[in-house]
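Structures are listed in the sections that come next.
Paired with chain B in one complex and with chain C in the other, chain A is shared by the two complexes that follow.
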Partner chain A sequence: MSSETKQILTTDGIPLEISLKKAERKNKIKAFLLVAPLLLFLIITYIFPIGEMFTRSIDDKMITNMLPKTFKSMETWDGKELPSEEVFASFLSDFKILVEKKEHGKLAQRLNKEKNGFNTITKKLFRQVKRNKIDETQSIKEQIMKVHKRWRNVEYWQAIKRTAPPYTSAKYLKAMDMYLNEDNKITQVSEDRRIHRILWLRTVEVAFFVTVFCFLMGYPIAHLLATLPMKYSNLLMICVLLPFWTSLLVRTASWMILLQQQGVVNDFFVLIGLVSDDNRPEMMYNKVGTYVAMTQILLPFMVLPLYSVMKTISPSLMRAGKSLGGTPFVAFWKVYFPLTIPGIGAGCLLVFILAIGYYITPALVGGASGTLISNQIAYHMKTTLDWSFASAMGLMLLGGVLVIYWLYNKLVGVDNIKLG
Partner chain B sequence: MALPKYTETRYRIWHYFYIAICTFVFIFLIAPLFVIFPLSFNAEEFLVFSEGMKNLDPDAFSLRWYKDMIYGTKNPWGLAAKNSFIIAIFATLGSVILGTVAALGLSSRHMPFKGIIMATLISPMIVPLIISGVAIFFFMAKAGLAATHTGIVLAHIILGTPFVVITVTATLSGFDHSVTRAAASLGSNPVNTFMKVTLPLILPGVISGGLFAFVTSFDEVVVVLFLAGLENTTIPIQMWTGLREQLSPTILAVATCLIVLSTLILISAELLRRRSERLRGINR
Partner chain C sequence: MSKNTEFVKFDKVDKSYDGKILVVKDLNLNISEGEFITMLGPSGSGKTTCLMMLAGFETPTNGEIYLDSNPISNIPPHKRGIGMVFQNYALFPHMTVYENLAFPLRVRKVQKDEIDKKVDKALSMVSLSGFESRMPAQLSGGQQQRVAVARALVFDPAVVLMDEPLGALDKNLRESMQYEIKHIHENIGVTVVYVTHDQGEALTMSNRIAVFNDGKVQQLSSPDKLYEEPVNSFVAEFIGENNTFGGEVTDISKDVCKVKLQNGEILANPVSVTSKGDKTTVSIRPERALINPKDKMDNNQTGKIEEVIYHGDHTRVRLDLLGNKEFILKVPNSSNELDLKLGNEIKVGWNSQDARALDPK
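Up next, the complex of A and B:
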């Protein structure tokens, strides 16, 4: 007996299996078509631009396109002694085109970033070219070398060669306070110029401590909210939800009022005799302000996931633990606490990720010590317009967040996240 | 929270300590919002409680900062409020439509690549705002939409849809699909079924997602700072510049209005949540 005769047919005479598959595919396409508009919208306006940030951050094509002939002729140069006549000649012809397009200034700027001193010698060469002093029938190498002694220095030609690749990791290294030196080795910048590493460390430190504070303050009240009878807990829940729905800037403003030197908190400290009236502590424009304000602002994001997990834990479990001979502390630690771990994970992840990208509150209440890596990104986006550097730092931050997210997924599982 | 009579002393102490901590945290959470309230009625220009206010002297209170907010010549609050509402309303509409339709697809059991697509759709919520800001700015600059209302609305749709997707998928998870099949068997076409059967049932979820999207847009400052020109100023931008330069009582008047607004939003969100729980048959 062949299997064909056994096949079940639909009333149309089509084998059932094929007919079902067809219906299945139709449903799949239908479901996908519903998601497609949003997916497409996000890919075009969001996912793709994030990818563009990457190409922007490593892009170094500008100079590659400026000196095409030079780089071509440099391919055979070993880079130990001064390059040949051919390299000099092609450099001059590239340079002349740039002078015509008035782009020699850009070249000087870019080369000066690679090695200090290019600005002067490029200007000198420009003057010679402008006055048509360079005679192309004679040796161009000799003539360029006469323009300035640095053109005779092989290090400067090595620097030009280093800029040849269309991609660079310089922006990423800069974000870590490092750079590629003459021998293509990663070196640290001098100690007094290491600003970015401080910012990264401070960002992680602030995010970490804010998460810890939120956890320490959020756990007790989430527990209280979950165990109180409904009519009380609903009322207290307003204390969590009202800040949650209130504008971030409003809450920052109120902390600025509370924490100022003549503010309510200081008034209170004076009133209870903690500090004297003429010796009021500075609580704003430093880390204290950042921690206090950020903890209050992010606390609801800790309480809500904790609450939703604690709500599902039956109170009889604690009673069982106690009746089996555990003290309330043991019962809590061995029974209740382990059950809340998904909530703790979700809350901590949420708070940490929000805190690490924070920008507005630290900038307003943190003073100089409130500058975090996000402020630096915004600064380069808006003020220096070094967009590739901003992109590089942004992607490093994103990488960090994704690693945390991945770790969390491994340890707790993303499915446990709940939004209140 | 009365303790049973047999509780040992040390647990009694611990219990009161726990209550004290909780009280402190609740005050810490809610008190900052109430400081703004009285100070916005201050008759003086300083942001501290004057002697008159402490003695509840009626002369120490006035509405001058509210008048300044509305009629002040130098104040751009009127324009900012108009822009904020226009942008937030359109962004909410966009997020709700795109998000609800996508959630319908996502909760179908036939949906292919569910995990990765869901991750993509909610990614704007997970990626730090500053990075979203940079990426969205690059797109808008290229598309020529920087410093336009359209650009900001699109940006806020990006940031708002994850909330709609999450709330509507959650509502749909308790949705009984046999009712749509019943409608289909009675001869209704899919669009009609959606409008007459599905939508009324998932409406609480849709609206509460919309509220999230509205607040996200209304309160958003990081992305707008990159995108907005002078004409697109919004309330958060005005507050940001105001707070950076100098804390004026007018800002507190605006802040008070915003707190009133958020209270209204909170009440509607709570009512919706309860209604939705009732509809889904969750009784607590």
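Up next, the complex of A and C:
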């Protein structure tokens, strides 16, 4: 109607929008090609492994593939009474194939995880099958039930049925010290076996306090860095960055030398008479060691964002605050501090996220009471080889970090972050 | 009620930052109540240091500063009750205009409705009513400037310091702000100490100007006196334009002296020369030298036109006169009957009273 809604044409008669798109297409392609290598790199090294981790953590296909006929025939079973002859027969036929492929051991292991006691009865069944003791013309149900009395127990058949779905949330529940019981209800494990929840809480606690300590120590340093004359601030900057240039292992090891019971710090305490020689405090292989070492290692991640924000705050603002009648504290609290919030947010988020997944330092100086969830993940990766469980815990950690990021965004706003 | 002429008093103030160089040397300066005084000088001349000492951000190395007869060296900045406008405004970027203005009142625990009233008044004074909820970043440079002025005045300080407040503005805005600040000063009668390196700014706004150089006040006087009667060659150079001749005094009486130049001789007003043989720099304002003077003048010379520059309202003519190739004349646009052509010889005259024989450069 009005001239504004009319299509605007260029002098050549091509609609302006199309002409603009054409002109910008080249630039867009160029820009994309520039980021393409990085994008590809990220997909290969980050997105894809995370996807892989996720599928691994919920994957339960192995047993689904081992007992295809059994699960098929179990579909009609109500799960209350012992299953029918047909189920037993298909189970035996599946089992025979497994014996041929020598995979019956894996089955026993998997079933035993679902319910204790499967190991023995699977072995017994294996021997019967090996010796061809089972007569397929007779009732297979009767014969299997005779192999061991547990085969007569409906709970074991229920356990088999529970393993039927190709996907499982068991690993996630396990990481929370919970499991699905016989009635498919989420249940807590008995109190003496709850280890993961303690680790999760301890991880969050350590990450939180390390962040607080880093903030308390980093804020004044960053302020000094931002306000000192160049020649001093450069020196101080090197002091802050020096840990960055030293290997993480070396730094952690030096903390071990400092903190151990016969270490430098304890010697000093004894020397000044703070503690008696035969009563040296444990400062390592517990939470204290983890706190001290992690705070020192993560401090630069707090100082640098704070520094970059403080550098942009004009010193005349504090002066203005004072000249307008604010005491130095009021000028700091009302003027300077609010302006550093973007740096505080960035620093805290950075330190917290790094701390929550920290591995080497707690592993070396943490001892039993100072290990974190990441150490548990490593344990399952390297020792028990339960990769799906490690994956599940890793993903939960990632989820936790995302939740924190989301919360931060809600409370402070991500636009308020300044990393440098 | 007579006004206190020593409302602010610098008494033998020295300031050194490194213990080797004095940035301010033996400064004695009295500022009377309600005065608009400008500290003018090139950068590094010590003027900002003086302002910072008055504000309390620097301490005098020696001497004392008095505010209303009370020594203030030991009073921290926030208790001095001095308003300050900073070079880059120093508005608090995370506060609205209202909060910025309310800050000095809130820290003084003023009642909420009283704050509203004062903020309102201050904003209307700088014609920014209705901008209360804006953030500083949403304001133009001139508006930020005015907020800064309003904030420095809102708590009714006895003295307001301004540290090159117009430096960041463009030329037109700077000029209109000069008048605005001047009018605000006239209306509320607050004592203003203004620091600038822009002589135009200083001349338009001030009651008195203190010209700083090398840590010392070179001259302290009203703008017109400063311009018409500079006491030394630095001031003459720094304020406005001037033509100079270096020479030697050959004869001197009470109010006229003879100065021998490299190639010629002129009569001058002996300001800082006392005896025969003194070296001197003679300074003449461009507008005091006339082409083809109708009145009788005691200096008459002939010069060759080297350059003619059209400036709209006037034309600048550069002459080669008595060996000075940079002799500038300002010819008003009304006198277009003159034949200003390159290479022409023209007659130039001036009164010996306007040719001030100052200290040698």
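In the analysis below, the second predicted complex is superposed on the first by the 386 of 420 C-alpha atoms of A that agree within 3 Å, B and C clash if a C-alpha of one lies under 4 Å from a C-alpha of the other, contacts with A are read in each partner's own complex, and residues count from 1 in each chain.
The rule we apply is simple: a residue touches a chain if its C-beta (ideal position, glycine included) is under 8 Å from a C-beta of that chain, and two chains touch if they have at least 3 such contacts.
In this text, all values refer to a predicted model and were calculated from it rather than measured experimentally.
Of the two partner chains, neither chain B nor chain C is touched by A:105. Residue contacts after overlaying the shared chain place A:165 against neither chain B nor chain C. In the superposed model, A:317 makes contact with chain C only, not with chain B. In the superposed model, A:257 makes contact with chain B only, not with chain C. In the superposition on chain A, contact of A:240 is made with chain B only, not with chain C. Of the two partner chains placed around the shared chain by superposition, chain B is the only one that A:360 touches, whereas chain C remains out of contact.
Of the two partner chains placed around the shared chain by superposition, chain C is the only one that A:325 touches, whereas chain B remains out of contact. Counting the residues of chain A touched by each of chain B and chain C gives the higher count for B. On chain A, the patch touched by chain B and the patch touched by chain C overlap at residues 328.
Chain B contributes residues 1, 11, 18-19, 21-22, 25-26, 28-30, 32-33, 35-36, 39, 47-49, 98-99, 101-102, 104-106, 108, 110-112, 117, 120-121, 123-124, 126-139, 154, 157-158, 161, 163, 165-167, 170, 215, 218-219, 221-222, 225-226, 236, 239-240, 243-244, 247, 251-252, 255, 258-259, 262-263, 265-266, 269-270, 284 to its touches with chain A in the complex. Remark: chain C residues 55-57, 76-84, 86-88, 90-94, 103-104, 107-108, 151-152, 155, 161 touch chain A in the complex. Chain A makes touch with chain B in their complex at residues 24, 27-28, 30-39, 41-50, 52-53, 56, 217-218, 220-221, 224, 228, 230, 236, 238-243, 245-258, 260, 262-264, 267, 296, 299-300, 328, 353-354, 356-357, 359-360, 363-364, 374, 377-378, 381-382, 387, 390-391, 394-395, 397-398, 401, 405, 419. For chain A in complex with chain C, the touching residues are 314, 316-317, 319-328, 330-331, 334-335, 338-339.
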